[in-house]
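Shared chain: chain A. Partners: chain B in the first complex, chain C in the second.
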Partner chain A sequence: MSAAPIRESATGWYLYGVVPAGGQAPATSAVDPSHEVVAIESGGVAAIASRVSLDEFDETMLPERLADAAWLERTIRAHEQVLEAALARTAVVPCRFCTVYRDEDHLRSFLTGHSRVLTEALERLAGRVELGVKAFAAAEPPSAAGQAESGRAYLEARRAEQRRREELAASRSRTAAELHGRLSSAAEDGVVLDLQSPSASGRDEEMLFNGAYLVADRERFERALEVIARERADLQLELTGPWPAYNFVPEELGRG
Partner chain B sequence: MSRSLQHEVTLLELVDRVLNKGVVLSGDITLSVADVDLVYVGLRVLLSSVATLEEQAQLAAGGVPAR
Partner chain C sequence: MSSRELDSYRSGQPAQLADVLERVLDKGIVIAGDIKINLLDIELLTVKIRLLIASADKAREMGIDWWQNDPFLSGANGQNGLEERLRKLEEKAGLPTSSAEE
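Take a look at the complex of A and B:
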């Protein structure tokens, strides 16, 4: 098999993201480690891409690959590492995992066809990074209703429990709104993300806020977060990033 | 926080971003909704194997796995 020539049709182009024209490809290992990461320029922007075997990345083959946990982890990390290496040098519009073109012409027509929106997005992202902030609260104490002995005591406990839950929900939504307002004022832009369940967050505490921010001045943003952390000892705050700006892709290119 | 737990959280955070965000309207070949579901199934397998490895490491060290 090793003597067989590589068929042109057997490879496609995996697109990691788009950088300004003149941007160089990072010297990072690609999702298919047998090929190099390269920059392909068209329409005044450059694609950060690498060749991939369509035996691995074709629609018909992907489900099998995705079910392979080791392949999945290695490939997702390679995708992210290429983008982070690119981000260390320049602005990047990140693409979703497993964005593949069948040939270079198709990739180039994406760049030229979206030249204006990509250029504007890159200008907006220049010198800025995405940071993630999550807030967790201590777990709620268990309900007292289950322990009440008489029927009347049970009903009263249930009503009290209901009131307590409503107050808690209202106080948490005020907390989330306050956090988002204060963090947004230290950032260029911000979005509220879906809350994660304890199994996804990996923490026992309940998540009550999850946000992403586009930040130019990281020190200022982190100071704002520290002030909140000092004032709100009842919250556990978690800062992640810098990330490629996954949450700040223009609506015309994302799902909006 | 143990090293392996940190590894899990980071991977999940990463997966949420690389699968659900970024430039979506691009590519001749892209992940379908069913593919994304598959990824989360695959990830659960991966994370449960990490938890198993952690337990084994604790057992090997003479400890009792946390429940």
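Take a look at the complex of A and C:
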């Protein structure tokens, strides 16, 4: 009888993001709390990373972990908090959740292999932050079609409802375009994000705009937002951030 | 300007989960890493985590049960918003919703 091999718990490297060389690792709890967050330098930039157990983070194990909402939220929050702590000190190019290397050599070869684009991205992000702006409007009143007494009245009410819905959608899309134009002119760059449903945003109002901006002069950007808020009392505006610049990584590194 | 009109920067309190998810799961450097995983639909994950937080009653109050059998949510973004908005309107209007028409 042959002895079953005793498998040691292998570790890999979880990469949070990349900072300029010389950047310190933040003293924040890692995605795997039994390991510390460290900085690993190569190619003139530094990875913010921590060891993770491949029992948890291997691709065969991850689907199970991702199905565990409690694990998922804790880990996602840890990922974000490490990056926010790094952002408080320096520019950072953030990685997507669950970017894992099997060993340090692979991690280093990513840094050296993308040294130029990472360095340029960090230069572009220096002194700039990502801010998020969302706009909400009160949800529409319910249609009267449900209360219609005859079939004909019902159909008419449905048609009126349809027209009203189209007008509202057109007016909201004009508002969104205007918001994005004005906010973009107070920022270095801007992108329109997908709208969040009320169940995701946790608000009763409907989201009609969701944007992210790369901002150098926060005061100027906030002033632009305040002017809009005064003019558009019908909207509720929400400012979030500063975020690691998730939405402004170069195309070569991102989704493109 | 009142805080109702423009919420100020979050100060210390955790960011809205949906805002974190839409960035962390889908954006940033995506070409790195040895381990390839398929991240699920962001909205589905958001709702799932919110379910964990909210009590069942609160979840129902927020309308968090429509996603369970929703074929649209398992697809890519695109039509989801429209379909969902339509369904919500129909629900509010007391009409049979699209998902109940099978």
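General remarks:
Keep this in mind: the second predicted complex is superposed on the first by the 227 of 256 C-alpha atoms of A that agree within 3 Å, B and C clash if a C-alpha of one lies under 4 Å from a C-alpha of the other, contacts with A are read in each partner's own complex, and residues count from 1 in each chain.
Operating definition for what follows: contacts are C-beta pairs under 8 Å (C-beta built on N, C-alpha and C of every residue); 3 or more make two chains touch, one makes a residue touch a chain.
Bear in mind the structure is a predicted one, so any value in this text is a computation, not a measurement.
If you put the two complexes together on chain A, you find that chain B and chain C bump into each other.
Judged by the number of chain A residues each one touches, C leads among chain B and chain C. Applying the stated contact rule after C-alpha superposition, one finds that A:237 touches chain C and leaves chain B untouched. Contacts of A:57 after superposition on the shared chain: both chain B and chain C are touched. Of the two partner chains, chain B and chain C are each touched by A:79.
Once the two complexes are laid over each other on the shared chain, residue contacts for A:40 go to neither chain B nor chain C. By the touch criterion defined above, A:165 reaches chain C but does not reach chain B. Look at A:101: by the touch rule set out above, it reaches both chain B and chain C. Applying the stated touch rule to the two superposed structures, the overlap between the chain B and chain C interfaces on chain A comprises residues 12, 15, 17-18, 57-59, 62-63, 66, 69-70, 72-73, 76-77, 79-80, 93-102, 106, 110, 132, 196, 200-202, 240, 243-244, 246-247, 249, 252-255.
In the complex of the two chains, the chain C residues touching chain A come out as 1, 4-10, 14-40, 43, 45-52, 62-64, 66-67, 77, 81, 84-85, 88-89, 92-95.
Within the complex, the chain A residues that touch chain B are 12, 15, 17-18, 57-59, 62-63, 66-70, 72-73, 76-77, 79-80, 93-102, 106, 110, 114, 132, 196, 200-203, 240, 243-244, 246-247, 249, 252-255.
Per the touch definition, chain A reaches chain C in the complex via residues 12, 15, 17-18, 57-59, 62-63, 66, 69-70, 72-73, 76-77, 79-80, 93-102, 106, 110, 132, 140, 142-147, 161, 165, 193-202, 206, 225-226, 229-230, 233, 235-244, 246-247, 249, 252-255. Within the complex formed with chain A, the chain B residues making contact are 5, 8-9, 11-32, 34-35, 38-39, 41-43, 45-46, 49.
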